[in-house]
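As structure tokens, here come the structures.
Here come two complexes built around chain A, the first alongside chain B, the second alongside chain C.
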Partner chain A sequence: MTFIWTTIGALLTLSIYSFLYKDNPFYKFAEHLVVGVSAGYYLVIYYFNFIHPNVFSPVFLLRLGDEPISFFGFHWWMALIPGVLGILLYTRFFPKVAWVGRYALAVYVGGYAGLGISPVMQARVIEQLRANALSVAGVEDPFATMTNVGLGVVIFAVVAYLLIVKRNLGARNWLGKVAVIVVSAVVGYAGYLVLTLISNAGVVSLTNILLVVGLLGTLTYFFFSMKHTGALGGLARVGIVFLMVGFGASFGYTVMSRISLLIGRVSFLLHDWLHLID
Partner chain B sequence: MSWAEKVLSIDRRWIFLAIGIAVTIPFFLPLGLPVVVTPPVQSLYDAVEELEPNSAPLLLSIDYAPATLPELEPMSMAILRHCFRNDVNVVVMTLHPAGYGLAERALLAAAEEHDQVYGEDYAFLGFQPGTSAVILGMGINIRNVFPADAYGVPLDEIPIMQGVRNYDDIPLVISLAGWSAAEAWVYYAYQPYRQRVGAGVTAVMATDFYPYLNAGQLEGLLGGMRGAAEYEELIETPDQGARGMDSQSVIHLLIIVLILVGNIAYFVSRKKKASTAGAAS
Partner chain C sequence: MTMKLTAHLTLAVLFLAAPCAFAQDAAPDTTALPLDTVPPGSVSGLTAVDYVDNSDEGDRIEISWQASPDDGAGEGDVVSYQLWRSENAGADWDSLGVAGAGQTRYLDETATPGTEYHYGVAAYDGTSYSERVSAGPVVGRANLFQMTRLAVLVLMLVFFGMVLTFTKLAERGADLFVRRIPGLNAIEEAVGRATEMGRPVLYVPGIGEIDNIMTIASLTILSHVAKITARYETPLIVPTARAVVMSAAEEVVKEAYAEEGKPDSYNPDNIRYLSDAQFAFAGAVNGIMLREKPAANLYLGAFWAESLLLAETGFEAGAIQVAGTAMVSQLPFFVTACDFTLMGEELYAASAYLSREPKLLGGLKGSDWMKVLSIALMALGVILYYVNQESGFVAWFFTQ
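Moving on, here comes the complex of A and B:
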């Protein structure tokens, strides 16, 4: 029996992936099936785990768990009122009485906003401000190696850019460009060695300096009340660089995530269905 | 047609096929690439390792759905194995309706491997909707939100839930989520109650959680299948996470090569078009 369900799952997986060749009825069938099954599954889970024990049972069966409750009692009202508000939300489908649902929505939105404003403000703003008030000197820097390598790469890139684009060196042939790249790499490595000496001295924390500069630059980029010229413009351009690095990291993680899903499906096909691997 | 134009006009379906083959081959020819453990994963491992055996339970919130199963189920299996190996009691719950079956599956599989007894070593509370309300409510009294476990047994009748009233009695919460549930644990469990929270998230979301990790709001962070593989490395039990790493590395290499080739082809063809246009004028 397990093999039948596994085979069905495998065929549906292959149907979905058939879209990579071109759209076809098998893909459409699998897509509609997952939407329908998900909706049905969620409905059953929500009803038996929440609506039945918290609304239907207290209001109509006068039971809260194993305990009986009294009609018109406190627990009965506490179950009825939210249940009615929830049903009122569906009045939005009937234009003449849709206005009723707005009151239920107001309770819902207001309640969750009230629950969320303080903790979210603390977690996303206050705590982050506290964490970014960093000391740039006299502190241990556990990320020194990573920072120094990163800055070494930046030095290499800047030197290569200046030599190739600004000074137009290596323009004649590929050999010239390679020579410029080698020179830039040597300068970048020298920069890495100097930064390592600075980090080992333990006087300043380059990582913390980088974090503070990146934070200020990124925030400056999103400050639109003044024109981005002069020092402000320079800091904003630094912020753009940090933003791009962040987007690059995010893109890399996204690629890894999507590939992981593919790996999971291939593992299912080869291991669970075809038993070709251990 | 020059080589650059040929490269740029390749039918994408050949690339899909190449990726499919590149994913499949390492399953048959494992490369055995080493898995290097990163500090965020080590931190979470250390936090679980410090938990006392047969004492206050770890609360594991398995909040993922089938769509993110390949990344997050290896994490749940690794953490459960770690806990059961150390005789740490575990209470599992879920905030996602589709997570009910997946949480139960992972919990029962890991418990069977380590001969754990329900009620004495682990418990399953089931699903409750409402995310923020559930997390906040558990900070006052878990029984307000989960009066009974997933099988209808009142919590007071479950041995490992004796004396566990709220977050004061839970040393660590770990949320494994492919959506905003992990963030909700930070907002509504860490901030108001200072409950220690760890997180395992999909790789897509991992970059959003590093600020919380760096600010000390998270004890540790597992990011994607890679994070699961690192945790499996730490508990010396390679499984789904580790098995996928060879394919992951091969695919990443292939994508880097494709990006480089594509960019080189683009700039070469652009230069050729510019020189052709210049010669024509």
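Moving on, here comes the complex of A and C:
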């Protein structure tokens, strides 16, 4: 029996992967099957994960049981409030009273926002501000290794290219482009050397300068109340460079995790189904 | 193989024999030493107070004391402190726990909120206890207001103040400047291209629930897109993963078509609920891309792991693609596979820019100036740190 289910799973997996070639009836079948099954599956999941423990159980089971009075410190009838609000959402099927459903939606959105604002302000604003302010004062210099030196030069070269060289050279032919790259690298390296000197003097950490410049640049990029021209525009461009460096790292990291998903599926096919590998 | 087995056996024998060897060595010394019959000195200054922190639910009591005179000094033989708890005014003591020598604080995390407790502490030197010192009563209570969150409250009040002020200004007709988001031009170009090619526009509002702010921002942009498609009479397909989002999208598109004077062009069958399951939804949207061949794919809202599946299929299908999300982990995929991406807050800014709705404008301007305030606070923090690192105010600034 297990072999039959495994075979069905394997055939469906292959049907989905057949999409890599092109759209075909096997993919179409697997797609429609998973959409239909998931709709039914989620109906059951929603009932047992939300409606049953939060409404049905406290109202009908605890009330009639030996300890009917309270449920997590609340009286059983309190569970009726979200239950009724949930039912109100279905009033949209009756145009004359559809407006009633908006109250349920308002409670839902308002409650969620109210509960969420304080932790978000603490974790995403205050903690980050504190960490950044403190980091400026650090004296650790992680640019001691060659990898970090290379990274520092690349980052400063890109920043130098965007801020200075690109504007002044305006190169159009290949010689000019080479000159832009060389001058960017020289300016970048000079910038790196200056900051390393400051860093070695123990005044401030190079990494932390990068951190703060990146933060200021990124915040400026997301400032919508002024046009991005002049110095503001330059800083915003620095911000976008930092964003792209971050996205690149995140992309690589996530692709690796997706590869592990692929390995899981291949393992299912070769191990669980075909028993070709141990 | 034989060598390995021999080595393992040797190790096992040594391991088993070691305690016996130590026991044989130690036995004569123990019998020779006189028993310590003098109890250690008692602790002093015992206090038990309701513990207050950010997640205080009234179930924690902090007990602190001054060390026994024989802990690290005097006889120096204190090995631990025994703690007891009583719910009966100092009678019927129950053992609570043990704190090591040198420790002068213990956190009772098993208190029942609202119950009156007494606590007792005695030093232990390995053979006898000092006299038990007790403190109490103390009651653990959940705190309505956390003083450690004062900074959060202040910043929230400042932020809300700015949002409300800008909202009022917008309502009174003040011209609040918001710079044009480049991605918005791309959306209009994409819809125009679909019209020229006589193919539909696909608008995916993400898989977030209706309470997700990204979904709400997406529905505002959907209204703008629906007006353009209504104007050009281009079919607009909106697949959704949540039932409530589908009904909200229906309302938004229907209203936009009515506003453009084309209510008959609205096709309710094009606003579709597919599935709550993430990858079932992604698979079904991929099917739409390949079978109905939309010329413009717009992904605006909250996306998770399905982002790359959608954007990559759209890219393969040759559609012009514009994405927008505040999900930082998914932005790299959209940046890679789409022609234009609205990053993070640009999604919200776009919805405010398009709708000119006072509340959205107020929120956008408020968060803009909150950024300026954040930078100022950070700069202040740095200056304070360098000016006087030892100052109590600096410590307060960084901890609050």
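Keep in mind that, in the parts below, the second predicted complex is superposed on the first by the 174 of 278 C-alpha atoms of A that agree within 3 Å, B and C clash if a C-alpha of one lies under 4 Å from a C-alpha of the other, contacts with A are read in each partner's own complex, and residues count from 1 in each chain.
In this section, contacts are C-beta pairs under 8 Å (C-beta built on N, C-alpha and C of every residue); 3 or more make two chains touch, one makes a residue touch a chain.
All values derive from a computational prediction rather than experimental measurement.
Of the two partner chains, chain B is the only one touched by A:127; chain C is not. When the shared chain is aligned, no partner comes close enough to touch A:4: not chain B, not chain C. In the superposed pair of complexes, A:105 makes contact with chain C only, with no contact to chain B. After overlaying the two complexes on the shared chain, residue contacts for A:35 are found with chain C alone; chain B is out of touch.
Contact with chain B, but none with chain C, is seen for A:262 once the two complexes are overlaid on the shared chain.
By the touch criterion defined above, A:115 reaches chain B but does not reach chain C.
By the touch criterion defined above, A:231 lies against neither chain B nor chain C after alignment on the C-alpha atoms of chain A.
After overlaying the two complexes on the shared chain, residue contacts for A:223 are found with chain C alone; chain B is out of touch.
Residue contacts after overlaying the shared chain place A:21 against chain B, while chain C stays out of touching range.
Across the superposed pair, chain B and chain C both touch chain A at residues 38, 41-42, 112, 118, 122, 130, 250, 254.
If you check the complex, the residues on chain B that touch chain A are 13, 16, 19-20, 23-24, 27-28, 39, 67-71, 97-98, 100, 126-129, 132-133, 136, 147-148, 154, 186-188, 190-192, 202-204, 206-207, 211-212, 214-217, 223-226, 240, 243-244, 247-248, 251-252, 255. Taken together, the chain A residues at the contact with chain B in this complex read 20-21, 38, 41-42, 45-46, 49-50, 65-66, 112, 115-116, 118-120, 122-123, 127-128, 130-131, 142, 246, 249-250, 253-257, 259-267, 270, 276-277. Across the complex, chain C is touched by residues 16, 19, 22-23, 27-28, 30-31, 34-35, 37-39, 41-42, 89, 92, 105, 108-109, 112-113, 117-118, 121-122, 125-126, 129-130, 132-134, 136-137, 212, 215-216, 219, 222-228, 243-244, 247-248, 250-251, 254, 258 of chain A. Residue ranges on chain C touching chain A, taken from their complex, read 149, 151-152, 155-156, 159, 176-179, 181, 210-211, 244, 247, 274-277, 279-281, 283-284, 286-287, 290-291, 305, 308, 328-329, 331-333, 335-336, 343-346, 349, 364-365, 368-372, 374-375, 377-378, 381-382, 385-386, 398.
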